[in-house]
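Read through the structures below before going on.
The following pair of complexes shares a single chain, chain A, combined with chain B in the former and chain C in the latter.
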Partner chain A sequence: MSTSTGEKPLLRVKDISVAFPVTGRGIVRRRIGSVRAVDGVSFELRQNETLGLVGETGSGKSTTALAVLRMLDLSGGRIEFDGHDITRLGRARMRRLRRGMQMIFQDPFASLNPRMRIGRILEEPLVVHGLTGDGRGSARRVDELLELVGLDSGTRDRFPHEFSGGQRQRISIARALAVSPKLLICDEPVSALDVSIQAQIINLLVDLKRRTGLALLFIAHDLALVRHISDRVAVMYAGRIVELADRDALYERPLHPYTQALLAAVPRPDPEVETARGIGLLPDEPPRSIDPALGCPFSLRCPKAMDVCRCETPPLRMRDARAVACHLYGPD
Partner chain B sequence: MGAICGAVVLAFLLCALLADVLAPYGPNEIMPASRLSPPSTAFPLGTDYLGRDMLSRILHGARLSLTVGLGAAALATLVALVIGLSSGYFGKRIDLLTQRFVDAWMSFPDLILLIAAVSIIGPGLVQVILVLGINSGISGSRIVRGAVLATRQSLYVHAAEAMGAGSLRILVHYVLPNIAAPVILLFTMRTGSAILTEAALSFLGLGIPPPAPSWGGMLGGTSRNFMYAAPWLAIVPGLCLLIVVFGINVVGDSLRDVLDPHHMASRRRRAAARR
Partner chain C sequence: MATAADTPLLRVRDLTVEFVGRTSCLRAVDGVSFEVAEGETLAVVGESGSGKTATALALMRLLPAGKAQASASEVTFEGCDLMRLPESRMRELRGNRISMIFQDPMSAWNPALTIGKQVAEPIQCHELLSWPSALSRAEELLGSVRIPDPRSRSGQYPHQFSGGMRQRAMVAMALACRPRLVIADEPTTALDVTVQAQILNLLKDLTRQSGASLILVTHDLGVVARYADRVAIMYAGRIVESGSAREVYRQPGHPYTRGLLACVPRLDRPATGALTPIPGQPPSLNRLPSGCAFHPRCPHAMERCRRERPVLEHKGGQHWGACFVDFHR
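And now, the complex of A and B:
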């Protein structure tokens, strides 16, 4: 599973929050409140480890990813990457550090500059980080990258729109790997692709990780996919991590009622099982992220909610080598 | 359509360049004996009220009109790009300040502003280019800003930021190529309108001072008094203005299509298929 305990984590995210202001209507646009898209999220990621981040739409997965990359301003918390505190790093130093942390986006149809040829797209990160050396060096590197992601070197003179979604996602993986990053953030990298292509891309990522020792932060809402690729999995709900555990522990014995509900919602390929089971989740209520006043944000939908859940937010507590934020499980 | 108009515009450009060779007479050469003569073999487009050959004046006028048009449009595009890119890309306070300035500028009627500006700095080729270019550049910055705002939100710009690219690099390599279509249209439309506005200013006697053969000046001035007797005085420069401005606008449209990467790729595929 994860690497030896003594090793320093590559990425340490501590209690980060991201709040977006909610402004009133009219000319003045007075600030009338804020949405806490991410609220006190903490996790660590080691070299050669994959952390899966799952949760429904709007649970703060992508916001967490953007915050880790410092593409969004934090309203609280602390991020350490590769031994540096990057929480308040200036623009210029942050740009240099971006070499170590690259990202793959969800929509491969929008994430490549339509006016650049593939060769140029792959050279860009090298140019930006001053790694081109002489001109021939970068041409060779482009060929290497194309081969790495399984594309023909003749594709370098083509434009992005000449490729299928899967091929484009390979190109954006190649672009992310051009500068040999230590951390690769994948924000739903396959949810825009056909199922048959999804497996190819996932296997490519697994293979690349094995070969390069990359750390992956893998965001998805497809639980089966996350199980396939992750070493550990964090489940998010309403901007918070509700459960974080080793993959097998989480999938085989989910503790948090939300994790249980999520796993129960995965369809089984057996019609009898499928009709016999019930999900047991209370009616769909939107998570209360505007006013997280008091109480567990999941208490509105939770079948096991108790009185304490509605007045006190449960902290993320360690229990049996995993972390869970639920009043059902007291401190160890 | 684009090719035909391109050829026409090119023909006018050639005429402008080769005016000295092509023109049968000097543009200001006065032949009092043949005043107001209708088109004939000696004077294919007739002569004006002083006996100057209209063909020669039109050819030399093409040089002036195209210089004004292209010069003012180039300046306008530059001004629009500088204002529009910084306003749209950096946003926030810079955007607010520049856009209120542009609002204020655009609330003045164009022609009044131009007349006021020309009467302050005086008529003349360079002055007209400056005034026209800056004025239409400021209003054109809106078009650039709008395009930049849309492009700035695109995922590939975010991807470039995440990659670690700096602002200047993103502006030049990511934003600028993707707003090329509206910028090309801006340039060609401003070329046409600058030629027309110069004609209007010269018609009012505020453009390029006589006896320089500007197309607008040929329509206006004293020749107005002879238009009924000698209609070619109005028809010839008017028709030239129409053809050139229309041609430039069509060329702009097709240029935008040709520069689209989708087009480029299919052209290359066709070329490869031929090979």
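And now, the complex of A and C:
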């Protein structure tokens, strides 16, 4: 492929927005406004790189992922994938390109068809993308995939309900990798799994990335997990990226007050650390992203809010080799 | 009501819960014993299917009738044997001396009643107040859990509250009659991390003020470290290790506890290469391994572990463990 030089990003997301309509009550459900679930989000992702996307419920993480896959309509912005502008690509061409971008979902119980045997679940993407070749080829590919995710090839004739949550998530990963994508989007891939199983799946993803040069867009609310797996991390709040930095910079020296509060709120699994550590509690709760009032969306909860924060939305600016959207940090 | 200092508020001996199906019978809790002292926070930790929720429901006698059966040689709370209490007496205790906070702040509320009415209900029922005074007491309580503008908020319905606000109101309701024991079953699992910190701090402050004890059921090892005095680790329906939070975290004895603490990435340690997972899967209750239920996943399993089931033994201090392998290696 022409873009595998590592120079050009595999995915370039520029200033995208996604708005959902808000309808009125009553029978006619007239449209009375819109909610910006994602509001001017930009980032890049290279091959063999993992970008973590963190933020609370409603911050727009999953919507961003669906927008990248073009499973939602953009209301603004531009997405380039593998050298193509996919912002306005038609369905048929988008479908072909989507072979390069696959996704695994949070719930391994809802995301596998209960009536299909594992073999067919893994063959289906090959059929959809016309990669079956002769019948024997696809059977061999299914065995390869099962081995890749650490499942026995005898499992191909079984049904999803015969597997535990962790094994099902392995099947989801195998299905996503069937068409050899370049980008794998993982939306909370382990949050439905037991703690003792999560590490197995995370190690598998890290290993697959190393072996195949996959790029990962890793969405999770578990900050320790995101730190473990990511090269760079973007923090979202109310539909915007408020800070984006290299992993260590972000976790060792968070700049945005929201990133700081988020990291402080995570309890550490050590009673001695916890007794010694005070946490500044944030007032109130994440706002609904409806009606983005003027000003920084975090200013209502921010312990460091100034007058300017309530009337002017801070842009995402470069500062100390990272991007941060906060009035505390002026231009470099 | 005179409780000697060394008598625990709650003592549970050999609690067993079985779910009875048409053809089979699953033992979700298998001979669990523990105590909760006055004013203490005990965390019960385990993965799905470990029996932690069934234990909590059994204490409240809220297991589905006809489908599940609880038995125990002793469940003593404030001198009453909860297992043998008639249902009418149990109703007097529930929501009054013992109360419960559930995981899902949406489905635990009645969607058709205002929050204020639901918080007032146990007050009217147990404290025999008139309805108007119960309602105004409910408003006070909503204020005490820092719900802004409690007067107008108490007239709203659950769907008009955010998840965190619903859970705050749940805390208000649980503490309405000044219970001696609060059982919180994964109270913040559905919530964001900043909201989780608010709710748990609130719960901890309010129980500390009133001297109530707290049983905190959770799978989050960070939450345990921050809020619990003592911890009991459950696996496949049994307690495999218990002790003060400091003992268990500083010197985890059971290989399962060690595995749990080793397999989570941590913000308080440098980021490392690969995580150390616990191999295999948690067992399903209808196919429990022989001997120690953890032996197929245990790195130290010996022949004896396959044959015999270890019992919970005293290992020094407050530390107890159920393992044949040398506990403090």
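Heads up, the rule we're going with is that the second predicted complex is superposed on the first by the 313 of 332 C-alpha atoms of A that agree within 3 Å, B and C clash if a C-alpha of one lies under 4 Å from a C-alpha of the other, contacts with A are read in each partner's own complex, and residues count from 1 in each chain.
Methods note: contacts are C-beta pairs under 8 Å (C-beta built on N, C-alpha and C of every residue); 3 or more make two chains touch, one makes a residue touch a chain.
All values reported here derive from a predicted model rather than from experimental measurement.
Asker: Looking at chain A, does chain B or chain C touch a larger number of its residues?
Answerer: Comparing touch counts on chain A for chain B and chain C gives C.
Asker: Determine, under the contact definition given at the top, whether A:H327 touches first (chain B), second (chain C), both, or neither.
Answerer: Neither: A:H327 stays clear of chain B and chain C.
Asker: Contact-wise, after the overlay, does A:A199 reach chain B, chain C, both or neither (first, second, both, neither)?
Answerer: The answer is second: A:A199 touches chain C but not chain B.
Asker: Once chain A of both complexes is superposed, is A:R168 in touch with chain B (first), chain C (second), both, or neither?
Answerer: neither
Asker: Between chain B (first) and chain C (second), which does A:F159 come into contact with in this model arrangement: first, second, both, or neither?
Answerer: A:F159 contacts chain B only, not chain C.
Asker: Return first, second, both or neither, reflecting whether A:P114 touches chain B, chain C, both chains, or no partner chain.
Answerer: After superposition on chain A, A:P114 lies in contact with chain B alone.
Asker: Applying the touch criterion given at the start, work out whether A:L225 contacts chain B, chain C, both or neither, answering first, second, both or neither.
Answerer: Second partner only, chain C.
Asker: Quick one: is A:V266 in contact with chain B, with chain C, with both, or with neither? Answer first, second, both or neither.
Answerer: second
Asker: Which of the residues in chain A come into contact with chain C in the complex?
Answerer: It is residues 56-57, 164, 166-167, 194-200, 202-203, 206, 221, 223-225, 227-228, 247-248, 251, 261-263, 265-274, 279, 281-282, 285-286 of chain A that touch chain C.
Asker: Over in the complex, which chain A residues touch chain B? Could you list them?
Answerer: 69, 71, 95-96, 98-99, 102-103, 105, 107, 110-116, 124-125, 128-129, 158-159, 161-162, 172, 175
Asker: Within their complex, state which residues of chain C touch chain A.
Answerer: 47-48, 162-165, 192-198, 201, 219-228, 245-246, 249-250, 259-261, 263-268, 271-272, 274-279, 281-282, 297
Asker: In the complex of these two chains, what residues of chain B are touching chain A?
Answerer: Touching chain A from chain B are residues 154-156, 158-166, 169, 173-174, 177-178, 180, 261-262, 264-265.
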